[in-house]
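See the structures that follow.
One chain, subunit A, appears in both complexes that follow, with subunit B as partner in the first and subunit C in the second.
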Partner chain A sequence: MIFSLIIYASQTASQSEQSALRFTRNALQQGHTFHRIFFYGDTVTSMSNLKITSRDEIDITDQWLELAKETDLDLVVCIAAAVKRGILDQQESKRHQKSAANLKEGFCLSGLGQLADAIIHSDRVITFGN
Partner chain B sequence: MVTQKKLLLIFRNPPFSSSANRDNLDIALACSAFDIPVSLLFLNDAVLQLHKNQQSHLLEQKDLTKTLNALEMYDIDQCYVIDEHLARYQLSKDDLILNCHSLAREKLASFIHDFDVVINL
Partner chain C sequence: MTSSTLHIINKAASNSQLYRDCLDSLHDDDGVIFIESAVYTACGAEPEMFSNFNITAYALKTDILARGIQDKISEKITVVDDGEFVELCCLYKKSVSWF
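Right, the complex of A and B next:
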């Protein structure tokens, strides 16, 4: 089955994103595929490369990237949600004349059209929200 | 050839309480631009989002009713409320900014079941 996920809750305030990661790992192990993982709402703040995770905690963002390396996941961060919260790639930083970019490498900023595309091309769309 | 899927967006929050209201509406607009048929369901306190004469400027917040009023231009005209939820706030359909269909509460499960994709932020 082809899945897409919407991840909506804040990574620091909720377990949702971790649940999404574990769901993705297990579904992949069972032979399912993922069209897209779409990060929306407060969850996008965790894609800042300025984030520091304390040593005794696990950085879920890094775990997504590790999983994506092995399995070619499409990790898309909603551009409107991101720029509103100060998460910028090089292009957005330049466009808005900001002094730096901070989107973690491995994620890409794109619009809600990518979510519409995921809805069209997936058998199931699952939201991990509040 | 891609089969056309029906999308239902469920609103659950009162106005001005959560960015989910705005985020859900943005999904509606984007998906409609991709020719996905979109329906909106306002549950519980979310019916207050549809109340006429909101004065968002008093809260220094963005007025979402302008976006809601523009939905028809995006061919989104399938909006649903539950009668009991309106009654809880002594509202009738005339008090709402959108022309909504009303659903009986016991039909809710089968109504939701008819959609291919349901998003409930």
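Right, the complex of A and C next:
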């Protein structure tokens, strides 16, 4: 089956992103595929390249990237949710005349059209809320 | 495959409005899965709130073990592992997440 996920929750305030990552790993192990992982709402703050994870904690963002490297996951961060929380790629940084960009490499900013596309092209869309 | 809906709940029953909203939208033959802190709803007499419906209630093993409540889970609950959670999402045609 083709899955897509929508993830809402802040990594620091909720377990949801961890649940979503576990779900993704298990589905891939069963031979399912993913059309897209769509990061929405407060979860976009996880994708800041300036975030520091304590040495005794697990960086879930890095785990998404490792999984994406192995399995070619499409990791999309909602552009509207991101820019209002100060998560910018080079293009948005330039457009809004900011001094820096901080979106972690491996994720891309895009609009809700990509979510609509994921809903159309997936057999199942599972939401992990905050 | 069933045409019913899998309701995914991740909050404890202390979020009473969330549970009221979920109960209002339940249909017979739907499934409910308790994940994250919602696994507390799988304990003792808590699942009775769903007794008016002919549903199957599941709870996620990993989250139960993480909270140390494995001895308190109601007999009415089917405990599933992460792989079985994926299988349930395939079995039910639609899913709704309550959070």
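Assume the second predicted complex is superposed on the first by the 130 of 130 C-alpha atoms of A that agree within 3 Å, B and C clash if a C-alpha of one lies under 4 Å from a C-alpha of the other, contacts with A are read in each partner's own complex, and residues count from 1 in each chain.
Throughout what follows, a residue touches a chain if its C-beta (ideal position, glycine included) is under 8 Å from a C-beta of that chain, and two chains touch if they have at least 3 such contacts.
Because the structure is predicted, anything quoted here is derived from the model rather than measured.
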Does subunit B (first) or subunit C (second) touch A:G113, or do both, or does neither?
first
Which partner does A:H32 contact after superposing on A: first (subunit B), second (subunit C), both, neither?
second
Which partner chains sit in contact with A:Q90 here, subunit B, subunit C, both or neither? Use first/second/both/neither.
neither
Quick check for you: in the superposed arrangement, does A:T12 touch first (subunit B), second (subunit C), both or neither?
neither
Between subunit B (first) and subunit C (second), which, if any, makes contact with A:T127: first, second, both or neither?
both
Does the superposition put A:F23 against subunit B (first), subunit C (second), both, or neither?
second
Which partner chains sit in contact with A:M1 here, subunit B, subunit C, both or neither? Use first/second/both/neither.
second
Please report the subunit A residues shared by its interface with subunit B and its interface with subunit C.
8, 125, 127, 129-130
Enumerate the contact residues on subunit A facing subunit C in the complex.
1, 3, 8-9, 14-16, 19, 22-23, 25-27, 29-30, 32, 124-130
Using the touch definition from the top, list the residues of subunit C that touch subunit A in their complex.
8, 10, 35-37, 62-63, 82-83, 85-87, 89-90, 95, 97-99
Touching residues (chain side subunit B, partner subunit A) in the complex:
2, 5, 7, 19-20, 23, 26-27, 29-31, 33-34, 36, 117, 119-121
Per the touch rule, the subunit A residues reaching subunit B in their complex are 6, 8, 40-42, 80-81, 111-113, 115-117, 119-121, 125, 127, 129-130
